[in-house]
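Pasting the structures here.
Common to both upcoming complexes is chain A, partnered first by chain B, then by chain C.
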Partner chain A sequence: MAQGTEDLENLIALMAKLPGLGPRSARRAVLHLIKKRSLQLIPLAEAMHRVGATARECLSCGNIGTIDICDICANEKRQNGQICVVEDVADLWAMERANVFKGRYHVLGGTLSALDAIGPEELRIPKLIDRCQSEGVTEVILALGATIDGQTTAHYIADQLPGITVTSLAQGVPVGGELDYLDDGTITAALTARKSL
Partner chain B sequence: MIQWRDEGILLSVKPFGENSVIAEVFTENQGRYAGVIRGGTSRKLAPMLQPGAQLQADWKARLSEHLGSLTVELLRSRTAQAMSGRLALAGLNAVCGLLSVVLPEREPHSDLYVQTERLLDLLPNAEVWPLAYVQWEIQVLSDLGFALDLSSCAVTGATEGLSFISPKTGRAVSTDGAGEWADRLLPLPAVLKGEGEAEAEDILQALDVTGYFIEHKVLAGLGGAKMPAARMRLIDALKRG
Partner chain C sequence: MAQGTEDLENLIALMAKLPGLGPRSARRAVLHLIKKRSLQLIPLAEAMHRVGATARECLSCGNIGTIDICDICANEKRQNGQICVVEDVADLWAMERANVFKGRYHVLGGTLSALDAIGPEELRIPKLIDRCQSEGVTEVILALGATIDGQTTAHYIADQLPGITVTSLAQGVPVGGELDYLDDGTITAALTARKSL
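Right, the complex of A and B next:
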């Protein structure tokens, strides 16, 4: 690149570190932004600056927002005695998109993993136990992945919450799914969790 | 190009870069091997790459000291079986966790592989699984050079009245042979002698003994490696019943 383009090179290098982008696609994105300077580049830069200054984890549930207590936790109507435990903020957002669950959430920040030395203290499990005691929680819904680590974490949490109803999401045939395309494990789980009609 | 193809059991998966993972497989003829699986986080591959999965693995690298790349095909998933119960889940984690820590890399342990495959296939049978797990840990110790010899007393040579096990040699000691050293020896659980009903309490006592040797003989030689938390969770699950 020509002289006097250090800032551009720096921007391309930073963009190339984003998920889904490499050096070539980052270069294309930066060129596009420069061409749409007033429409996209400047608003994007301002939005990123604002989020960089204000984004933080909710002190209660671990959701990401711009205030200490997120909208969901601040909403009194959502204190219905149910807490849905999710692994990551992306899972919380997915649950919210479905617009079905009307309680509150708790983001663990990962799953237990013996090999990666991720124990209960590295996750937000002690905070969940505190919340269950202080918020009068009657049911904890474990919306964790149908993976070995996810289910290990689910059993661990269930053990830590005696006296509270602990449920987990069902596992089986996805909506719009056809049996022919399902793996053995999913069919086994679906058959085990069958229900009468 | 160096390459091999073998059947194996997936032990662990760690994210590597944006889309790839570093997987560790325990294969019958090659031992514990690691390799990069390109696209391992994809929707197609990620569900296959659960610990305990039976895979056909193809490993290749330009030089033998390279990490190498793995391509895998799922032969049998054990995820649904493992997720059927707390004990099965804890057991699968303990097996994979322990092998990841104690097995040397790239060293074949064919007998142990066969026994590990059998053990994992027993996962849904909660009645026999804990005893099979104890026997598997004894096989692990044996494969790593710390075999327990419980056939006769190390002091008197007697084959009857064996009540203790030497923490130094792993050999059985009879009550008569122990004498005043009895308090320095480990109690020999009936399960390890092939006696008793193999109740949860007996299994826990046997795991105390195998755990002692894993910790003091195997892990001690691995530069401060610790007993995997997954094994401790298995013991907790057995205590809860």
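Right, the complex of A and C next:
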């Protein structure tokens, strides 16, 4: 590289830390950005500054936005009484893209994990219990990952919410999925939960 | 997404335009950055601003740096008389990582391409011819891609430089490569250029 490239090397090193990018793709991305300086590099830097200055967690559900109470929590058209519990903001966005759930959300910020020493206090579980009481929630839908930690978390939450219906997403064959490509666990779950036509 | 997320959506859209990222990985990267705001998001935004303000092409070879003449061109310890011609800055960096070439470089900025209407004037070929005369160059090493456009460019450049030795990188089996995984063209080239042990 040329002289005065500490800035360039620094930028490449920072880009390489992004999930999905490594040193080689970071170099490619940086060269691409330098070629499209006014169209991409400068707007991207400014967008990052803005998000860095304004992004915050919703005080109620944990969604990321720029105001204290996100628009899902503030939207009076959304159904009260139903809370969908997700591990992460990305899961909340995925649910919203499916555009099928009309209640509120609650982002845990992870799952219980004995190995990583993550207990209920590290997650937003106490806040969930508060909300269930104060918002008159009747059903909590657990949309957690089908991992051991996810299921442990699901059972822990169900235990903490007596008197409230706790459900979880159905497990089965993905829409458009072919049996041949599915793992044994999914086929077992789909067969166990079979429905009459 | 939550209210006031135009900034977030804008950032995700810009990230998704980077080579190697799509909408899904851009969302993941943005959530990752927001979680690591002070360690990654802010430094990355600042690094981009700095590079956007200072990055420029070396006036001589076309390498990217922050000064008018890059340190390879300015370095008096580098051998005069040899110029390695590459398509792109990324190729120059790859050559430098191999740490074997001690001469100077010349970045073309692409290859001749009839389909894309890229002629010699669109590339830095006239500048290369200038440099060969003014710098007393005796050998031009063409390190261009083994594509049709790359080879067309190589032959064009060789024709423009009478009286100068023009060589190109050897073609053959990659170091560590297994024959079974190589394409026919590479095996043919390696066999044709076989050497006595």
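Please note the rule applied: the second predicted complex is superposed on the first by the 196 of 197 C-alpha atoms of A that agree within 3 Å, B and C clash if a C-alpha of one lies under 4 Å from a C-alpha of the other, contacts with A are read in each partner's own complex, and residues count from 1 in each chain.
Quick note on the criterion: a contact is a pair of C-beta atoms (placed from the backbone, for glycine too) under 8 Å apart; a residue touches a chain by one contact, two chains touch by 3 or more.
Here the structure is a predicted model, which is why all the values come from computation and not from measurement.
J.: Figure out whether A:Q133 sits in contact with chain B (first) or chain C (second), or with both, or with neither.
T.: Neither partner.
J.: Looking at chain A, does chain C or chain B touch more of its residues?
T.: Result: the larger residue contact count on chain A belongs to C.
J.: Touching A:A146 in the superposition: chain B (first), chain C (second), both, neither?
T.: After superposition on chain A, A:A146 lies in contact with chain B alone.
J.: Check the residue A:Y156 against both partner chains and state whether it touches chain B (first), chain C (second), both, or neither.
T.: After superposition on chain A, A:Y156 lies in contact with chain B alone.
J.: For A:P19, using the defined touch cut-off, is the partner it touches chain B, chain C, both, or neither? Pick first, second, both or neither.
T.: Touch status of A:P19: both partners.
J.: Regarding the shared-chain residue A:T165, is it in contact with chain B (first), chain C (second), both, or neither?
T.: After superposition on chain A, A:T165 lies in contact with neither partner.
J.: Under the contact definition given at the top, report the residues of chain A touching chain B in one complex and chain C in the other.
T.: 19-20
J.: Considering the complex alone, what residue numbers of chain A touch chain B?
T.: 19-20, 114-117, 119, 146-148, 151-152, 155-156, 159, 171, 183-186, 188-189, 192
J.: Please give the residue numbers of chain C that touch chain A in the complex, ascending.
T.: Chain C residues touching chain A: 1-5, 7-8, 10-11, 14-15, 17-21, 25, 27-34, 37, 40-52, 54-55, 58, 63-67, 70-72, 74, 88-90, 93, 96.
J.: In the complex formed with chain A, which residues of chain B make contact?
T.: Residues in contact with chain A: 12, 14, 18, 47-48, 50-52, 74, 76-77, 79-84, 86, 89-90, 92-93, 96-97, 100, 228-230, 233, 236, 240.
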